[in-house]
Amino acid sequence: MTAIVATNETILVVGGGISGMTAALEAAETGKQVVLVEKTAALGGRTSQLYRYFPKMCHPTCGLEINLRRLKANPRIKVLTLAEVTGITGGSGDYTATVRITPRYVNENCTACGECAKVVSTQVDDQFNYKLGKTKAAYLPNAMAYPQRYVLDASIIGTAEAEKAKAACKYGAIDLDQKEETMQIKAGAVVWATGWQPYDAAKIQPYGYGRFKNVITSVEFERLADPHGPTRGKLLRPSDGKEAKNVAFIQCAGSRDENHLRHCSRFCCMASLKQTHYVHENFPEDGKSTIYYIDIRAIDRFEDFYQKVKADSSVTFTKSKVARISLNEATGNPICHGVDTEGYHRYANEHDLVVLAVGMEPSVKGMSIPASVAADSSGFIEADPLNGGIFGAGCATNALDVNRSVQSATAAALRAVQVVNKVARAEA
Amino acid sequence: MSANAQMATKYKNNFLKEVEEQVEMGEWVKMCMQCGVCSGSCPTNFHPGWEHPPQEIFMMIRAGKREEVLTSPSMWMCTSCYNCIVRCPRKLPITHIMHGLANYAHRLGVAPKMQPTRSFAKLFWNNCVKTGRVNELKLSVGLYFKDGLSQGIRNGMAMKDVALGLLKAKRLNPFELFGGHKCKDQNGIHAMLKKARELEEKRKALKAAA
Amino acid sequence: MSAEKKVAAYICKGCGLGERLDADALVNVAQKEGKVQLARSHDFLCSEEGVDLIKSDIANEGVTHIMIGACSRRAKTEAFYFPQNAVARANLREGVIWIRPDTEEARETTQEMAADYIRMGCAEIKAMSAPAGNPNTGSSRTLLVVGGGVSGMTAALEASRTGYPVVLVEKSGQLGGWAAKLWRRIPVHEPFKAPADTGVADMVAQIQADPNIKVYLNATVAKTDGAPGRFEVQIATESGSVATEDIGAIIQATGAEPYDANKLPELGYGKSPDVVDQAGLEALARAANGGPMLKPSNGKPVKSVAFVQCAGQRDAGGQHLSYCSGYCCNASIKQAMYFKDGNPDVDTTILFTDLRTPGNGEDFYRSAQEKGVIFSKGKVASVSPGADALTVNFHDLILDDKDARLEVDLVVLATGQVPNSGVDIEAPNKPQVEGGAADAATVEAKPISILNLQYRQGPDVPQLKWGFTDSHFICFPYETRRTGIYTVGPVRRPMDMAQAREDATGATLKAIQAIENAQLGRAAHPRSGDLSFPKVRLEGCTQCKRCTVECPFGAIDEDERRFPLFNESRCRRCGTCMGACPVRVISFENYSVDTVGSQIKAVDIPDEFSEKPRILILACENDAYPALDMAGMQHNEYSAFVRIIPVRCLGSVNTIWITDALNAGYDGVMLMGCKHGENYQCHFVKGSELGRYRLSKIDDTLKNLNLETDRVRDLEVAIADIEHVPAMINQYAERIVEIGMSPFKSF
Amino acid sequence: MAKKEYAFYPGCSSQRGASASNYLTSVNAMCKTLDVKITEIPDWNCCSASIGYAEGGELPRHVLNARNFALAEKHMPGQDIVATCAACWLGARESKERLEHSSVLLQDTQEALKEAGLNIKAIPEVRHMVEVLIEDLGWNALAAPVKNPLEGLKFAGYVGCQTNRPFGISGENFENPMYLDKLIETVGGEAVPYDQKVTCCGGALAFSEPDKAQAQIKDIVESAYDHGAEMIVTPCPLCQANVEIYQGHINKKYGTKFRIPVLYYSQLMTVAYGGSAKEAGLDGQVIKAPKLEAIAGKK
């Protein structure tokens, strides 16, 4: 059994992405006790799956490294992975959360030596790479994974594969008898930082995601560009592994659309502008990017980044929402059909690859927050006094970029600190 | 003063307002955000003769380009395929707006005179309301002869093979020319439609007067 | 715990180390060469049993210093957590066996590599001690908030709510700032459809009622001295009185001014009273007080209005602001609603090039359309005042009509924000950027300092582009280069009220954190919690001022005798001062010229004829070192001739390390640091840049030593370079073979 | 008693001697096999189709459909209206939707209906025959009567516009609806994937702007051929007619040699259910479908 010491002066942070980690670290570095609960097997969330950040073109893993170092150095934070909050009872200053922990089948003894992966042959979808590739059924979630411990995929439990893995581990780290467990955690305040999910691109029917292999999403494109990704950082398209030199970026794929997401997801324009760099970087001679957009939302200082991309002759901007995509069956190339609305010019442009700048949907949407929390029509958590000691942070509260998510998470940490300080004062 | 001039005067060049009040679904025009998805979705988009796609028409309405919009053949290019409607991110009923604009231009008598779809639409309506049911033969014949007798014969000859094929398949009945299918209560239908038209005109006039 | 230093080395045999390496030999190396008092090996050192062994040695054998030869210092941190002891890690797994082929031929060089790392680890641990924390702490828990607008009021209220006293300084006679001049604000709650109450009056009332918040109106900060936890701030009021407050941390919320519309005569500003900026329209709306808005020229109700977006903004031409202020689209929508909500017959047109209403602003945009606000994508060329109306001439981009015109009663220019950031302390050093505050700073009156910091490096917080004080970091938006001083609101980035409030709340947490850390003598971000701090041996100091000039955080002042005066609570522990010091008198307890220098010297240098060159790599621990680690995890092989030492920052690299290495017979030195320049990725902002500048002078040294310039190579390495780094190393190793072995081996 | 009963709205094209008369023939046969009772709405009138907009205006169009609602409700209370023609279905559904959402429109409609001695109490559900088959009967019921599976025959399921957009069949995808392919497979045929499944045939523009419509039809037929289809199947009378009867013109204009039969789903089902060529209305093909006739000839 996992044991957690928590009191009503503890802050419970739900979600171990950049917002949750930030909220946890900031609160802990202010001297508070924190329990950080993450659904997947490792911390880092969606930002850890990005190759670069706009506008600096730096790597998200760089900030993750710092945050992980902060975390490793801070005994005030207790991290639970493969854990989900299934219920919250009580009120501000006195919550009890029920947390369900899914077995990892690997215990703290794991040294991440990788011997188990060597002997297991079953392959499973690589979730970290948005299923663009496969991974062994005994795997380290990613190169920066914290905790740095392997996971056995549940699908091999009870098979000879699992036994092989167990036999290969010299350190007694594989525990096939692990069962799902449930625990209660006390907390004075809760920071809800469950982040976002990419809008399901298959629902945007005219773009043929799922029907056309060379139509992918922006989050998948990040994995192609990343050296840790399925193509080791080369922009190779899914249908035939050909270099994707002529890439289309379709903005508002699901966002600003009453058939899909009503809100503007804010980050996608910048993400596509950033991704044109990947094309340019990979193919400095003959890379070509086309951005199909309604409005380029390069807000505040980001305008500068937009102007720089605009000055790049390999990037074309077309003010148009692409009407539909068809397929050139002979080449596998997707063809974008539409009208450039600035002066009405029709086009049918063939590209090697189409990247859908998919919108941001709050993860809280469709998932019941086990407490009464106000949400807006898009499913984002609204700041509301009725939420008591539960505070939204990051993309659970709005469509935000990383920078603003971190601000939001830091603010949420303060609100949580206010609650536990009040508890402390009352108890003193 | 022509109906057209009257309306133009009444709305003092506020064409958007005129469209909002007088055109079916016209109140949606202001909601367009100029993404262009409708324009790219239109199947007749790639054919010549299509001057202004829907999104551009909507912008022209906002810009007060009354004459250019109402006399445009563009609205008459609609095949009612509804692609624009299902794709519009703002859920504008674009097909109906285009129909409404065509209808309005037609009502004001400013729609392009030789526009074939306009003629056909008129023929179709008259054909179907006359007896309550469409008489396909009369409709076709009417279409061929819309530009006079000799052109009609030429048109008819050009379509001869099609007609023969249908005739052989018993999907064209020459006797339809003399009577054909009809509703029993034609008088009721006529009275009902007359009333409907009166009511509609009254409502639109009220709006214009306001 | 024993006060005496006792060093123990532990060699792990797990994870294949035992099979690939001769562990007994390594224990021997630790004992004989590393000269540790205790050396042991263990089959599985990170296991409970292994860790207990170490703990027992601490308890029973009096071990104080621990050298662990196992996996990377980034791995198994929970197991090897000995906060009371000095700990060094020799990276035998990711750094040796995982990057070398498991072949018989490779065995010898692999073992040599491991042995060197053991020597280095032993040398390092002997040169360090467990840090005890900065004794020069402060005890003030009061927050100073400079600026009484929405950002400042939010910070004050939030801090008070958290239990910290606040001093709020506002230069004008009342609280509220620009927000107090608004008629309504952009909505922040569902359904995002109509302008909302600003809430400013409520905030002002709350502040006035809060005994924890002391407000100075008509006041400015005359002088700020000290460091986090012990700032001494003088507050001058208009009346001439000066008060002194003890302050723990500072929040600068000095806001922004509208961009001066007088610079836009082509848009009619100044030519007609009916051309106003957004602030002007708010004034009209407040005057109308819910009634019809009146034309300034003749007092008649406005029947038509045009909003010109990006007026003087997003100007790539360099004449005006080049950035987007972010909030103006929503603000114009709100202002158009002022008209439409009162009288739907008023024609309102918003002329824009890209409409920017992120998030649920999209609902606000839709709501405006529903209300009949017309949106036209167009570039406005000019506004010409006529007898009765204004003509807006624009290029309608959708209809591609270059001569589109609009006749209106009133024109509103959305001119955006210019930050009030005080003195640009770096202005003389950097080329003046186009437009904006920087121009204002040089061309117009010299700006007045806001904080009047008594810092060696200048009176205000350093600025980024265009006068904004924002952090450059994406992951760490609150990091300014002045510890314990946080800037919030539009002074650091253009923003609206909602964002400013969120921003101020977050910054308040950071300020409180700074207070707490300063009290405990600990470092702030990014080495938060670090108890080490720079110590200077003043008797050796030559007063060269390099440390005071180079410190990226302005932590070091000069005392009356012109010796460096360290303000430890301002320090971020990057070690740039240590790297800069030519006489090597600055050090940290666990990181010093000696801890690294002794490692360099500990490496066994084979002779000239061995065909085994030695290459020293000094790698930034934040990016390059993790990249090397992950290359190891991927089993990306690289040369066995390299010896890697992590450094806190390239800025901390003292050139003596390089000259010592070359003198000792190393054949090459690679420096791996973060990207510098405009898009720097250095976590200490200027560290890698300063380090590089320093190292650019190394060529002279090489020439003096009669060595090829290729013997030292400076490389930019990012954390994602897991494929590149091994390739860089291997190429360099090949290059060294080409140049030949160092002639200094035999000395 | 029949399994299901509906108020049937055949539409003008399905009348005897009209362009989709063979559709009706096969629908009758199919319904008989499936034990579905369809009763014609007495004295039903034209829906005025989509093209009715120009002359008809708004209210008169809805009033025409409202008359059918009133008649159905009067004579067959409680029964859903089922239409076989895509345009009839769409027109009626649109009117139903608008009348139910606008009290003003409904009030005016009632006033006009009064002139014909009618009045609306409740507007019945308006269904397409395909909806009835899939939703009310279900795939199992559709597969059960298959006697002569259309094995080895390759069909291009041409869905077109108006049974697909804007309402569509529940659960379907506008860009790639699968119900027609599934119907083909249910009766033993093979549905070939091709990329013009939902392309517009030009609709009424086939009459007024033949060049434009025929260019679209060419794309549809060509793609069906290129992807190996032997026949095209559709749920819409205008689609059927446009795609079938202009192939000769297209051949002349583009130098193609198209001659692909275009059928209704109901014809396939009738044949598969063991019906004769006549029962399936195969004699109504302008381009004959000998392969289907061959199966229909089997005993």
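Odds and ends about this structure:
We call the chains A, B, C and D, going by the order they appear; numbering starts again at 1 in every chain.
To be clear about the criterion, a contact is a pair of C-beta atoms (placed from the backbone, for glycine too) under 8 Å apart; a residue touches a chain by one contact, two chains touch by 3 or more.
Just so it is clear, the structure is predicted and the values come from calculations on it, not from any experiment.
Taken together, chain A and chain C share the touching chains B.
In terms of C-beta pairs in contact, B-D outnumbers the other of B-D and A-B. Centrality by Cα centroid goes to chain A. Work out the mean CA point of chain B and of chain D, and you get 23 Å between them.
Centre-to-centre separation between chain C and chain D, using Cα means, comes to 66 Å. Separation between the centroids of chain A and chain B, computed from CA atoms only, is 50 Å. Look at where the CA atoms of chain A average out and do the same for chain D: the two points lie 46 Å apart. Looking at chain A, one finds that residues 206, 256, 319, 324, 341, 344 touch two or more other chains.
Shared interface positions of chain D, defined as residues touching 2 or more other chains, are 174. Among the residues of chain B, those touching two or more other chains are numbered 33-34, 55-56, 83, 86, 90.
A list of each chain pair in contact follows: A-B, A-C, A-D, B-C, B-D. Interface residues of chain B, counted against chain C in their complex, comprise 16, 30-31, 33-34, 55-56, 59-60, 62-63, 65, 90.
Chain C contributes residues 14-16, 44, 46-47, 71, 74-78, 81, 158, 161-163, 189-192, 314, 316, 322-326, 354-363, 377, 397-400, 465-466, 468, 470, 472-478, 493-495, 499, 502-503, 505-510, 512-513, 516-517, 525-526, 528-529, 622-623, 626, 630, 633-634, 674-675, 679, 681, 683, 718-723 to its touches with chain A in the complex. Every residue of chain C that touches chain B in the complex is listed here, in rising order: 355, 365-366, 369-370, 372, 374-377, 396, 398-399, 401, 404.
Residues 173-176, 195 of chain D touch chain A in their complex. Within the complex, the chain A residues that touch chain B are 206, 252, 256-260, 294, 319-324, 337-341, 344, 346.
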